[in-house]
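Shared between the two complexes below is subunit A, which has subunit B as its partner in the first and subunit C in the second.
After this line comes the complex of A and B, so read on.
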């Protein structure tokens, strides 16, 4: 029995009035709710982002990465290899490069029993290398991953991501300050490869019999965070940070703020939903701009489809984002070089290295109207 | 011969009244302590609290340089920054972005390390209630002639200081610990310095005499760090300690800098927080107290070129052939007779100069 219709309750005026006019009241409140939601995009109704995790010390350390020329060399070498593998991944080259850097290199085989395809079986192979922390105790790990796309793929090629990753691996392997292991992962077949790797890493299964996730020969400790790279060119116009995961799950807001802060530090133009911050957020156009960003996030989250491979990490309690970089297409205005990208990645990994616990301080449910404002639940 | 120091110290009781020589008077006036100890505590762990370890190690270096030996310094460091895997300069701890001095060095002696730095261990150390198996390096073996410098740094709040991210010591507990020390005559004077947020709350409840307390911030204020070292990627030292060290770097064992100057070391314009001082329990004027009376272990030596006329008090003296020279000095004063009996020393040797 509802409170208002409880026969024992004394009939006062308010419940009677509510009952009588419930239709207009409901309509008004509904409309008010929508207006309130639209108003949230305005800076008066949302908050500026801040760091909750003290341990991160974001952007305090001066970066030292100078391996951009090495990254371009890797890119040229990879492009030559790719010509031989038009629809697959250049496994031997990748394994060779990672091994030469001194990492523990492994391959991971997985097969997909396609449920809708009359017994069709697809197989794939991921390649990953583990950089062990020389002075740490190898109990935790950070993942830097990239989805490999062959030339025959419909999506844009990620060869520059692989090249950047290898250059970072080379740089990181020379440093003494790692407290966590670093895993450099190149996956195949988009989300399938990442999902299979994660399932094999954590030895869990979701949906028996469809994805046979094989076995991992080598493993590091608990993964604290993952950065997925989708860089499509050696000169990108900006870095777009993608956060939405599977079923709308989001990474911890501290990680998103960390990426934005590091991009700011290295003067890299960074966006969310491919929209940068509006210079006058208090104005009408600023509000409209932020509203569009907000709706873009709401719709992509509502679809439940992850916007990148990072979305698969969230189910395991791992904070993950994807950094996407589109080609600047020769536009003379600002572009982001490999050097800056490397510095951003170095800063992010060093901050993640400072972590003592998994991300738990900041919000897990939020909406972002811009890169530096948030709306919490 | 070996009774001579005993008699000498026992005679001091009457000495101050009877001294006529001015040089001798200056020698015994002012300083009231006979030995110096230092208890330096860093209560916070984790890599982002690097600056607290740098704080306490810098104080350790200053105190050691000014003469207090390691056997009389109790150093409590809650985490190992030098060997933290995140340290890009392994085996070093710096207190300055220029990285001139490695305050960790090769001769640092940490007495309480890591998880041994707890509230219980700290209070037991102060009050002396340690288990019999505690090694000597972990004991505060002070007596009633000891001046103790107690320096604490870490994260604090209104009325408490956080130990190790899991427990706290309250200002009431600290005050009671000091009172226990006073009751058991375990100190002559204490200089208590605390560099945390809302540090002044920690000395609010002190009620034992002869304590001078300095806090880096008042209640409601935060103590701020000084600067970041971009090569290491952490805040490397706190403001109050930075300016205190700047002052101490210029102090030598022979300096005549007074404690009053030390109290002015961090004005609000550089410290941003207000330095709080509690002086009502301290009966000496800080202008007359040398900094080295707490921070160093300065042996006061005066050379006289003439024979001093030290009056004797009526203490029995052993008569034997071997002590002829002593007897001679003592029998110089009129009315002194040789007697042949021993005197027991007091169980708790108490001496008061003034």
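After this line comes the complex of A and C, so read on.
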């Protein structure tokens, strides 16, 4: 401002000195910046996570889910069906199971006009069931989704997540406290199916003529939040929470904290970027561990590629995360059972049900050096 | 002496004639209570209570026939609280409903009385009203007190007068029914229903909840139901089919949909005790009819009733065929508590349920907080084309683009359009669309969202704002999924007898939730901080410059190192002139920093001249810069 400096008068010593030595000063400051960034991973320079949205009330109520045996039954039944469908989704079985639970079941057809390949056309079908809230008027909804992977897929099969989802649907259909509808969605062809479903739900197009998103017969109002499940086995070693979305967009930090807090409550080993919390974060090794986690997040976010189907929901203002569970491979160390997973999911859905407003309180831009520390913008 | 015998005779004849003529119109009050229980193929069970009070007397007939205000006297069964409101506010027909939950037309068919989620009020007034808007406002506030609901939120921004939808349901001549300026319609989608609304509603009943079917109305099971609608319908109706004399009919209806399949482990078994947590104890002595109907039209030996129905009534044929099990409680009063049970032979199987002839779905498309579009999908599963009247009432903060509603391929006729004025009135969009057989028609209205003034946001601004339900009215070619024939008579029993041929239905869509762009409410605090900082930083120097006085300052050498250090630090940050002062210690130059006061100007001018001389003559070797 002209009031603080007077350009007419001869310059004083400080600016002249800065100008004279600007190269070493710039270099020093740059190096200092990098050192400061590295230091952010240390607990002295970042903050512990906390809940901004008090309405979430995480883990306030004792969980009631006891349907793990039912989930295992669904898993066995699904494995038998999967043998018949090596490259597709067992649609009739899924539609039948969802209908028998009393949900409104719909299928959604979509086609992809492959832009790079000589007029090739791929088609797919998503299956979703809507559990109508018993006392609600279908103005808001929560989505629980899972990408279905046939045995011929290169990625790990998600049959246990479909089974868990069906067991949760059975449990939820008996409860009377739902204020929002629950949509149980099984998508095909990874992110393509999820993107097609979202585009059909919101009737938006991104790139004309490439993805023909078809039409949805059933809707449940405005979607408030989405949980994507990628559970690869009925006994997983830990739950990894994936947050990065398309173009580096992140969900609200409250949702991430909710998952971590509920995992803690149900004594489920939870990680971020497949790294759990270091037992001594103040030490040098703790700092190094957190630094590695931080860099993993920075690189995955910088790439702009979503780490799961949840990344496609962020554009529509829907907070979404993915819960991934790797097989524990028989290690006698602690494993997470379907029962614990069900309790976590029940707690998450109940907390999301409590919300009156969309996620707006906590941060949308943050870096996580560990599951319980954050660096905000 | 004044009256001769002849005059007495003519007087007597006239009196007799008058007595004979007026014998048709007599005073009569009737109260009937009926309950209809209907199981759905989706596993739900509907219970519909209807308490009908009819009132007929010469004054009322006169008011109805001449479109004058009612004047009630000698209240008997008709509730006085409601009667006084009707008298005071020139009401001819009134329909109020408070609903929680959404009626799922696709799996439950058409209800007896359709109501959208929240509160809905529509009233036809007498032509005698002079200031209808003021009367509407007063009526709304009076009703708000009567039913303990926040109906006072109805104001000019959400009240409309649709042209074709909501024509009178009672006796009305063509000139009256076509004059939509005499009616008002408003809906509050966010209104909740609870026991607070049930209690005053129950008090309007003649028997209250002490006897009769109203004993079944315990609050706990009512408010855990999937759908709960409380309604009051007042209309002038005909006593019988020939419609020779009119009467005033008040129908208080309570519609419930519950899901016994979930709680009974897969069986759709229901009983009065299970549905209402109480059994029927007694009969209302004031009721002329007290009947329970169970709809067994679709019962192909799936369930059986205990006790056996007193009577089975079949009515209609073809698509209007209905079969009801009738339990006339008044006729054969029960000795002890009466419980009606239905036992299903096997577990409930969730199968495919065919949709009714016309079903509607409405949703918002688009994302983000700038714009979007309201799309409604009308599906006609029948074979004949349907003319559908679509009424949309929208708040003013959704700025519609009306040109997007028209499609060349979709001919439609806009019967009424009222454009919105910010903060004064909302949108009314009423159109007539033809939906061909076995096809779907989509209508969409594009909008942009307005930014409200910061005090107009509710406390939970990020929840969003509710858009009231749209109304779809049409005449169906056959009464296939229709529940009642509203023109049939006064009691539910008469209405349940359907006739072949056309049937009128009015259905409502879902309510929508839109989130408006919400400002960051902490910004006023941030702006105040920033503005105050700027003002402080700017104000200080300006004040100094404009008000400080010029002062001579001698530069002294300081012996102590701290003194030298401080003076050095001061020198770094002070402006240029000081350097000159050190270089030429002989002269004591004067630093003119601020504008001096007027008195010192001459002195300063002298000092400036001295400085000029010093510069010109002092540095002989240097050029004058």
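Definition applied: the second predicted complex is superposed on the first by the 367 of 377 C-alpha atoms of A that agree within 3 Å, B and C clash if a C-alpha of one lies under 4 Å from a C-alpha of the other, contacts with A are read in each partner's own complex, and residues count from 1 in each chain.
Going forward, contacts are C-beta pairs under 8 Å (C-beta built on N, C-alpha and C of every residue); 3 or more make two chains touch, one makes a residue touch a chain.
A quick note: this is a predicted structure, and the numbers were derived from the prediction, not measured.
Engineer: With subunit A superposed, do subunit B and subunit C clash or fit?
Structural biologist: By the criteria stated at the top, subunit C and subunit B fit after superposition, with no clash.
Engineer: Where does A:176 make contact in the superposed view: on subunit B (first), on subunit C (second), on both, or on neither?
Structural biologist: both
Engineer: Which partner does A:136 contact after superposing on A: first (subunit B), second (subunit C), both, neither?
Structural biologist: both
Engineer: To the nearest 10 degrees, give me the subunit B-subunit A-subunit C angle using C-alpha centres.
Structural biologist: Approximately 40 degrees at the subunit A centre.
Engineer: On the A-aligned overlay, A:62 touches which partner chain: subunit B = first, subunit C = second, or both, or neither?
Structural biologist: A:62 contacts subunit B only, not subunit C.
Engineer: By the touch definition at the top of the document, which applies to A:152: first (subunit B), second (subunit C), both, or neither?
Structural biologist: Neither subunit B nor subunit C is touched by A:152.
Engineer: Regarding the shared-chain residue A:316, is it in contact with subunit B (first), subunit C (second), both, or neither?
Structural biologist: After superposing on A, A:316 lies in contact with subunit C but is clear of subunit B.
Engineer: Looking at the overlay, what does A:44 touch: subunit B (first), subunit C (second), both, or neither?
Structural biologist: neither
Engineer: Which partner chains sit in contact with A:350 here, subunit B, subunit C, both or neither? Use first/second/both/neither.
Structural biologist: first
Engineer: According to the stated criteria, A:87 is in contact with first (subunit B), second (subunit C), both, or neither; which is it?
Structural biologist: In the superposition, A:87 contacts neither subunit B nor subunit C.
Engineer: Counting residues of subunit A touched by each partner, does subunit B or subunit C come out ahead?
Structural biologist: Of subunit B and subunit C, the partner in contact with more residues of subunit A is C.
Engineer: After overlaying the two complexes, what is the shortest C-alpha distance between subunit B and subunit C, in Å?
Structural biologist: Here the least C-alpha separation of subunit B and subunit C stands at 5 Å.
Engineer: Starting from the residues of subunit A touching subunit B, keep only those that also touch subunit C in the other complex, and list them.
Structural biologist: Overlap of subunit B and subunit C footprints on subunit A: residues 135-137, 176, 356.
Engineer: Along subunit B, where are the residues that touch subunit A in the complex?
Structural biologist: 46-48, 83-88, 90, 228, 230-235
Engineer: Can you list the residues on subunit A that touch subunit B in the complex?
Structural biologist: 54-55, 57, 60-62, 133, 135-137, 175-179, 350, 353-354, 356
Engineer: Applying the document's contact rule, which stretches of subunit C touch subunit A when the two form their complex?
Structural biologist: By the definition above, subunit C touches subunit A via 42-43, 100-102, 104, 107, 117, 223-226, 259, 261-262, 349-351, 361, 363-369, 373, 375, 460-464, 466, 510-513, 515, 518, 537-538, 541-542, 572-577.
Engineer: Could you pull out which subunit A residues touch subunit C in their complex?
Structural biologist: 1, 3-4, 6, 9-14, 99-102, 104, 132, 134-140, 173-174, 176, 202-204, 219, 221-222, 315-317, 356-358, 360
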